[in-house]
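Shared between the two complexes below is chain A, which has chain B as its partner in the first and chain C in the second.
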Partner chain A sequence: MEGLSTTLGSGAMTNSIAELHTMGPGDTIFAIGTNTTECHPIIGIAMIKAVKRGAKLIVVDPRATTLTQHADVWLRLQPGSDVALLNAIAHVILQNGWEATEYIAKHTENFSEFKKIAARYFPYKAAEITGVPATLIKDAAKIIGQSRNVAIYYTMGVTQHTSGVDNVMAVSNIAVLTGNIGRAKTGVNPLRGQNNVQGACDMGALPDVLPGYQKVQKTDVREKFAKAWGVEIPEEQGLTVPSVLDGIEKGEVKAVYIFGENPLRSDPDINHVKHCLEKVELLIVQDIFLTETAQIADVVLPGAAFAEKDGTFTSTERRVQRVRKAIEPPGQCKPDWQILSELIAAMGYPAAYSHPQEIFEEMRQLTPSYNGISYARLENESLQWPCPTNDHPGTPILHVGSSIRGKARFVPADFRLPAELPDKEYPMMLTTGRVVAHYHTGTMTRRCWGLRGVAPYEMVEIHPEDAAALAIEDGDQISVSSRRGEVLAVAKVTTRVSPGLVFMTFHYSESSGNMLTNTACDPTTQTPELKVCAVAVRKVKSPGVHLADTGFLQQNTAPEGVFHQPALSNAPH
Partner chain B sequence: MNAFVIGDAELCIGCQACMVACAQAHEKMPTAALNERETPFHSRITVVNAPEVTVAVQCRHCEDSPCARSCPVEAIVQKNAHIEVIKEKCIGCKSCVLACPFGAIKIIEDDMNCAAIFISPHDGTAHDRIEKAHFVVEKCDLCAGCGSPACVAICPAKALQLVEPDAIAQKIENRRIKNANRIRLYRSQLA
Partner chain C sequence: MQQVLTTCPYCGSGCTLYLEVEDNTIVRVKPNSVNSVNEGALCSKGHFGMDFVHSKDRLTSPLIRKNGELTKASWEEAYNYIASRLLQYAGEFGGKSIAGFSSARCTNEENYLMQKMMRAVLGSNSVDHCARL
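Right after this comes the complex of A and B.
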């Protein structure tokens, strides 16, 4: 969000997913830090089909994924070395004159500074940092430099680093350098991990903005909202998640209200998160299930599931989609808007809404990018913001002509090492991610019979060489520990990971990778470095005749009571 | 000739929807009940998600079925246009598992409708017979009896197809015509 706002003027996906259906010969998909087929399966299918039609595919990933199987060039980098790799690609592009000279002259700024930094990143030097052979870096640069269109896609593999913002800006630099902005089949496209994470950001669920990314520090913005709401808007920025936890430790934060989030499994260093959330005076959790976080809450507010409420979601491509209630929420459950509405009424603010449509109307009057979107239009239209007026058709592609901030800005950065690297005590590197069957902390998906069936427990990926050195065989129960904790899980011996690297998810409550991950953050966004930390691995038990005989699986396959808490329709409140 | 379902590694994204659909298609209860009863999950199709390849693998319903030929109790039979396991006859000897070149046959624990097998332990300590888990084999039956294969219907990448004998004949015919045309073009170029 922050990186692209700085370079282009908007942190959202620049282009639209459907453009993938039109890509073919002459076009290139550049996927970095995204396991698209598992984490965004529909977009993954479109990518693979585009490749089949003749589009080129460059994948940057330390792990072998389905996408790497289809890649023309797979850059298997050391986790956290993205900036060095991207700078080297830029270096080769500049060396060969493949940059978009005219676009750079007309529509960009700070090019000379960028050139200076890129000039230092010789492919052979980047090869030493990234582990990617220089020839592959050159191959990738050639494809990017010579393609008619290059569309860049990225996700958490880019952002969840202490150099996350630098990584995003390095990605942006490549797009700007080659003029791959503001046209179909190009762009810088961060794929959002959830159905409405774009919408939540759009609505101001960030510490420094009101809806529509209107900065809270700006007087005119505060005045506009103060007038509409009849209350004074505080001038200072809110807190990021890590600073909330810090604030609790210092006794400055007294109450935390969490909804639709399970930080006791999704945030790094769970032990620390637990310590803080247990310490806070008042913890309110609003969710559809009694999550690990809800279990330690003082107050649990039962929310409604997607099928039980009306409203809108805004997808990764800025598309506002109407959601319609199919069934009534069970028991005492209520839609989030209703709970919040009743809460602010109880606190003395007379907000009486009878339908989310009224909230949407209020929001769009105050949010220029959503101003032209209404429930009436959403009946027949599918609109992508910005949509400033009632007759505006929406914006499938951002930065057409020139970038939103005026001139696209090159922001060069130097490579920095991740915060915690393997050492004698913790000799291996852990990177985290997801499997296709599960969503986040498994709160919903592990309650589904089929999804639980295909991915019942954590499988820690470890390279055969490392496994052999530790006398670990496929299916053994192993322990993975870091400076912050230890978890038990089953070993999956595979060349999917390189020697020295292990991979885990955060789906499984009983073996969550986030027991181990590091809270070190990007200095600008405070996004934690979930993709790199140092761990030690040791064997605990062989599987013997049958895994189930160890008793391990029975104890560990599901969160407590999963099967006795029936799915969605009967949330246990 | 037997039909079979085949996966396309150029399209498969490894999403495992086929596995879920397969397991569900072979259960009679609604999924909420499967959850409540903790019904074990068995899929007859398996997504191979190796570092080099992603594709679903299942029974090819071979004409010269090595599984059926290796079965000592005739529990694997030809039925209509597919090869089927008769679970009730299976003694769990695993010969078919070893014979199958595709790895398409799975061993599963069977609850035998809650009946139990008792067996004498050979530890010489007691005469008490102990209850033993019962294992049988299971494989793709092309969803016989429930219409078309559930895996093919669910696949979001259209990476699975049901290959039926007619389609094979058609494909062979098409290739003959294509090749004949190639020969014709070649001849005309020579001339």
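Right after this comes the complex of A and C.
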């Protein structure tokens, strides 16, 4: 978000998903660091359909995915070398005069600085850093430079690096350089991985902004909210999740309230997270399951699932949509908005909300980009913010005419190495991601009969050459370890990964990739480098031993019930 | 049977779907095809990913740790316990001693209330969520 805010003035997806349905000859989809068909399947399928109609597809991914099979050019880069690759693409575009000269002159700034940096990234040099042949870099640049429209899509493959912000700005530079902003079928489009990440950001669940990205450090903003809420708003910027953990270590943070999250599986270096959350004096967890995090809490509050409450979600394309109550929650569970308002009232602050609509009304009065959105309107339509007035139709495409910050800014960046690279002790590189059947820490999907069997346990992808050197065969039980921990899982020997690279998910509590990942963060956003760390792999057991018999599934903290069906009755293959 | 139009709880694409409900139980999911980003389609999670709602592992009561064990408690007891402890920390060490992790899984209204509670009631801007992840 930070990267795009700097270059364009807003961190959200610039364009709309439906535009993919209209893409064809002359249009290009540039997908970088997104395994779209697994993580956003509906969008991934729309991309493939566009390709079938004649659109070009360029994919940047260290790993073979469904998208790479459909790509005109697949740039198989070394994880973490994105900036070098993107700068080299810009280099080739500039060298051939494919840049959007008129757009650059009218609507951008800092172009000359960017040109200086890009000039240094010769494709042959970038090839050495990225492992991508120079000819492929030139092919990709030609397609981008000569297409009528280029829509760039990315996800965490771009952001979860110590150079995450630089990566995003390098992506943005390509869009600005080629004038692919502010029109249909173009744009810089970060796809959000969770149903309401966009909404949580929009609502000010961030330490530096109030709802609608209104900066907490601005006096007029604080005054506005102080007037509406009847109390002073603290001026000092708050702590991010990683800084909260540090604050616990230092004894400065005494209490943590965790609402609908499971950092004991979703955050890097789980052992460190656990150490901190066990140390904090008061840990409150509000969730629907006794997650790994809830198990170590002092107080646990039972919330409601999405089907048990009313409200709204905001999707990745800034689209606000209704969530409707279909069933009653079990036992004493309550909708989370009700729990929060009752707790607020218990602390002596007025909070007499009887329905989420009343909360939405309060919020939209204070949030200009949501001001024209109401439950009444959402009955008949879904609206994309900014939607400032009751008769505003919503905004499918941002930055039409000019960018939100006035002029789009080129922000050149140089390539930096990831924080932790393979060495003698930990000779392989680990990258992490998702599989289509599962979601995040698996607390929901592993409890679904139709999904669990599709991918019942962690399968670590390892290249045949590496497997042979370690005497590992497909289906063997292996150990993967890093400086932070060790997990056991099953080997999947495949050319989907390059030699030297292994791939894991973080869906499986008993084999979580986040036992291994590194907490090293991007210096601006504090997004951790989940996509690169150094690991060692060794064989533990050959197949034939029933995995359930080895006890390796039980040794961790798998919640009761997750494995009560015989999902492991067949040896993996 | 009742059909309720709602939004999928998984990734951020924003697919809309109908939950088909019988006896307070979700029996089937049907993709929405009118004005929807998914145009009548759903992925495996959208189609087959709703069992968790009815899992026997669901929490059903507030729990407070007593003598090392998480023990069932009433809502009133839980609210009073949390309220007194949080207000005590806020009073003694200031709002900065309290942090909240909000939820990218929950609704806009709930996220709004979470940050309002942290800022307006406890005096802390330390509210964040897993957008960084």
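Operating definition for what follows: the second predicted complex is superposed on the first by the 546 of 573 C-alpha atoms of A that agree within 3 Å, B and C clash if a C-alpha of one lies under 4 Å from a C-alpha of the other, contacts with A are read in each partner's own complex, and residues count from 1 in each chain.
The criterion applied here is as follows: a contact is a pair of C-beta atoms (placed from the backbone, for glycine too) under 8 Å apart; a residue touches a chain by one contact, two chains touch by 3 or more.
All of these numbers come straight from a predicted model, not from anything done at the bench.
**Q** Look at A:E317 in the shared chain and tell me whether it touches chain B only, chain C only, both, or neither; answer first, second, both or neither.
**A** In the superposition, A:E317 contacts chain C only.
**Q** Touch test for A:G204: chain B only (first), chain C only (second), both, or neither?
**A** second
**Q** When the two structures are overlaid on chain A, which partner does A:I42 contact: first (chain B), second (chain C), both, or neither?
**A** In the superposition, A:I42 contacts both chain B and chain C.
**Q** With both complexes overlaid on chain A, does A:I359 touch chain B (first), chain C (second), both or neither?
**A** Second partner only.
**Q** Taking the superposition on A as described, I'd like to know which of chain B and chain C A:T66 touches: first, second, both or neither.
**A** The answer is first: A:T66 touches chain B but not chain C.
**Q** For the overlaid complexes, name the partner, chain B or chain C, with more touching residues on chain A.
**A** After superposition, C is the partner touching more of chain A.
**Q** Have a look at where A:Q95 lands relative to chain B and chain C in the superposition and call it first, second, both or neither.
**A** A:Q95 sits against neither chain B nor chain C.
**Q** Is A:T527 in contact with chain B, with chain C, with both, or with neither (first, second, both, neither)?
**A** So A:T527 only meets chain C here.
**Q** Determine, under the contact definition given at the top, whether A:T6 touches first (chain B), second (chain C), both, or neither.
**A** Touch partners of A:T6: none, neither chain B nor chain C.
**Q** Looking at the overlay, what does A:C448 touch: chain B (first), chain C (second), both, or neither?
**A** Once the two structures are laid over each other on A, A:C448 reaches both partners.
**Q** If I apply the document's touch criterion, which positions on chain A are contacted by chain B in one structure and by chain C in the other?
**A** Overlap of chain B and chain C footprints on chain A: residues 41-42, 45, 436-437, 447-451, 454.
**Q** Would you tell me which residues of chain C are touching chain A in their complex?
**A** The contact residues of chain C facing chain A are 2, 4-16, 19, 21, 24-26, 35, 37-39, 41-45, 47-53, 55-65, 70, 75, 78-83, 85-87, 89, 93, 95-133.
**Q** In the complex, go through chain B and note every residue touching chain A.
**A** That would be residues 9-16, 19-21, 23-24, 31-32, 34-36, 38-39, 41, 43, 47, 49-54, 156-157 of chain B.
**Q** Can you list the chain A residues touching chain B in their complex?
**A** Its residues touching chain B are 37-38, 41-42, 44-45, 48-49, 52, 64, 66, 69-70, 436-437, 447-456, 494-496, 563-564, 566-567, 569.
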